[in-house]
Amino acid sequence: MADITVEGLSKSFRVRRPVAKGQAKAGALARLLAPRPVVELPAVSNISFAVAAGERVAFIGPNGAGKSTTLKMLTGILRPSAGHAEVAGCVPWQQRRQLARRIGIVFGQRSQLWYTLPVRSSFELLRRIYDVDRARHRARLERLARTFEICGLLDRPVSELSLGQRIRCEIAASLLHGPGLLLLDEPTIGLDITAKAALRDHLGELSRAEGTTVLLTSHDTGDIETICDRVIVIDHGRLLLDQPLERLRREFLQHRAMILVTAEEHPRLELPGVAVAAAEPYRLSLSVDTARMPVEKVVAAALAQLSLRDIVIENPPLEEVIKAIYRDGIGQKEISHATG
Amino acid sequence: MRRADIGALLAFALLGWHRAAADRAGGLGRLAFYWLILLIFWALWRATPLQELGRPGLDATRLFWYMAVTESVVIAVGFPYREIERDILSGEIAAGRARPLPYAMALLAEWIGGCCHRLLLLGAGGIAIGLWITGGIAIPFAILPAMLLSTAIAMLLVLLCHLQLGYAAAWVGTPAPLFWIWQKMTFVLGGLMIPLTLYPAPFARLAEASPFAAMIFAPASFLLDASSPAIAGTLGLQLFWLVVIGLMTWLVERAAAARFAERGV
Amino acid sequence: MNSLAYLVALLRVNLAACFARPTFALTSAAMMLGNNLIIFLLWVVYFADFSNLGGWGLRDMALLIGVVAWSFGLMVFLAGGLRDLASTIANGGLDIHLGRPRHPLPALLLSRAIPSGLGDMASAFLFWFWLGGARLGDLPLLLAVSTAAAVVLGATVTITQCLPFWLTGAAALSEEIFNMLMMVVFYPQHPYGFLVRLALFTVFPTAFIALLPVEAIRHHSLLEALGVLAAAIGYGALAVHVFERGLRRYASGNRILELR
């Protein structure tokens, strides 16, 4: 059974048309006499997808694409203009409080912890909010504290924690009541590299161990690559793509980078579909067009023609993939859903 | 001060003016609040046995216009100390202090611009409601220039105090409790609601000698005594306090800067 | 679900956060007490010049300030989050609360305890017994009507702080309305004309926060005290209703009007 089912979900906001140049100069009185008409601004248009239990899905798109709006509809904070959704067996905007018991939410830029109090006090209040019995809460807290390495932070005021420490506590807080589904809106925003890496490891480990479904929005491709195995891309409120991560890489970037370290001072390798990106003494950097020349054939040719000391084959960075999607859309490709 | 600095300060003043103009909701709210205060005190003064004072010239109408002037200064200024408090507590003051134009001067210029806009709005609103309630304007045209000058100095004095209160955040964190005490002393010793001339004699002398009278009572006092010596004396006292409070503000700013330099923001 | 335990837990956390900085908390309380006493000097000056104000004397003013100080202090000390409600709504701060399986209003109200409220509450005793001439036997009536007044005040503030649900950019307007409310309650309302007093008993219920409680104490009137209590229940229910109506608009994401 899918943890999240979304069918034809749409959301429009009614706003006043922005002030035209001439109208801005006319002043307040003119605007009072001739108020701007109200227009419908579509934020999300007819999106459909499903997330199975235990899946870890990245929900990404450029700024203003509709990610947060979608997430808010899935948590019941916003009511859609059209369409249907079911999350953890609940219709979010109709059964918000029931849903809240079954999910955990982390808004990267908003805190749910009490700033001046020790972390433990916030956790205790959350126990009351979710009505978790003391013994279960204690066991859960111990486990999460170990997993997220926050044992030493529990008795410190939130105000004294670094951003990375606070985010780890926030995520632990969202998992205290044992939700089956975790929704994260930009959880690693503002964190340094080390803190991000640690958080991704913890999250991935916990999700795999407990089978927690994860729906994550992030601009950081590292989050996506480390935690998620499927990507949904949204832009201008429309679903552009819904695919497993690996397939995304394969379909959108056909060039692979390859570095050959050789015994020859000036190595050369000429093959169709293989371009030299950089040539240095004892080192050759190649760009392989995998549509024309499979990587394994390039490797075989390099082994046959050169005295290889080392070979590095780089996956196309996901950032390049996503940049290409944001820039070019998907062209003639239809929305391809994750069918395997 | 270089000419470029003066140009920059004018630009900040203009910025303050535009910010005040753009804040229509806040402006309307402020005007409604101003009218409400004047209406409340109109009702109170009409219920007060003013004849017990034995001063025929001091009636509800004169007291209404008195308060229209005092309240316009207080409401036009608002609570700008919170901007410095916010900048200090968030650390954003570091960016402001890194500019070639002194942070305090730029902020003061911006505040002046905003206050000018608000004072204009409140002045128009005060005249409108005063005309409606009292049937006339009890401000003699002849004293208007002196009153405007006095109001400008009064406003500047209040803004300088707000600078000091805002900088107090460098030591106390949240200066709100200090502000409350300062504000209430301003109301009481500044004669915000009751003219200082109605205070018991020793108390009146203490109040009139205080800087608070220069901030609030001074511009409205011309409605009670419009003689040239009184006007000259009042303006002279205001200028004296302008120098003193200006110096105090400079010292507080220097002390805060030294603290930031030593401990960081 | 154990709602009472939840509310008690909220209150405990709220108070613990308030006293996390005990020096600041006590300083705020002391300064607010001083603040209230200083402003009372205005009435000392007034009654030095005039024998009465519409039949009220200095002691009656002291009772009024005591009632308002208690009700305001209680409101901000226990439900200080009210002061941030408009900006919380305007800035999307409800999201966190809507993601929880509880009604958001208690958590919003009990999200902050403003320590200066303690100073207000302490000053109330000074105004009642030292300056207002009340007797110790009046304490139950004083506390009852003043606490009911606090509920009316809190409810009225809640309703006005809900404006951002309907009007974009209304957080500043809500703040101005709050200032107006406090301005009206701090001054005697009995000199006003009939129409004004009608408004003060209905759309802008400051009469239930100041005038009626003080009259109940002056006359030792059970009827007037019950009137304040009834207002507390009525306006309290109205505040919850307005908030929930506003919440539906927040959930629909509609922003109809801009004040810009």
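Letters are used for the chains, namely A, B and C, taken in the order the chains are written, and counting of residues starts over at 1 for each.
By definition in this document, a residue touches a chain if its C-beta (ideal position, glycine included) is under 8 Å from a C-beta of that chain, and two chains touch if they have at least 3 such contacts.
The shown structure was predicted, so the numbers you read here are calculated from the model rather than taken from an experiment.
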| item | value |
| --- | --- |
| Reference chain C; chain at largest CA-centroid distance | A |
| Chain occupying the middle, per Cα centroid | C |
| Distance from the mean Cα position of chain C to that of chain B, given in whole angstrom | 27 |
| Chain centre separation in whole Å, for chain C relative to chain A (CA means) | 44 |
| Separation of mean Cα positions, chain B and chain A [Å, integer] | 52 |
| Set of chain B residues in contact with two or more other chains | 24 |
| Chain A to chain C touching residues, read off their complex | 11, 13-16, 38, 69, 72, 75-79, 93, 96-98, 100-101, 103, 105, 107, 110-112, 114-117, 121-122, 124-125, 128-131, 157 |
| Complex interface listing, chain C residues touching chain B | 24, 27-28, 30-32, 34-35, 38-39, 41-42, 45-46, 48-54, 116, 169-170, 172-173, 175-177, 179-180, 183-184, 187-188, 191-193, 196, 259-260 |
| Residue numbers on chain C that touch chain A, as the complex places them | 1-2, 5-6, 9-10, 13, 16-17, 20-21, 93-96, 98-102, 107, 250-258 |
| Residues of chain B that touch chain C when the two form their complex | 22-26, 28-30, 32-33, 36-37, 40-41, 43-44, 46-50, 52-53, 173-174, 176-178, 180-181, 183-185, 187-188, 193-194, 198-200, 203 |
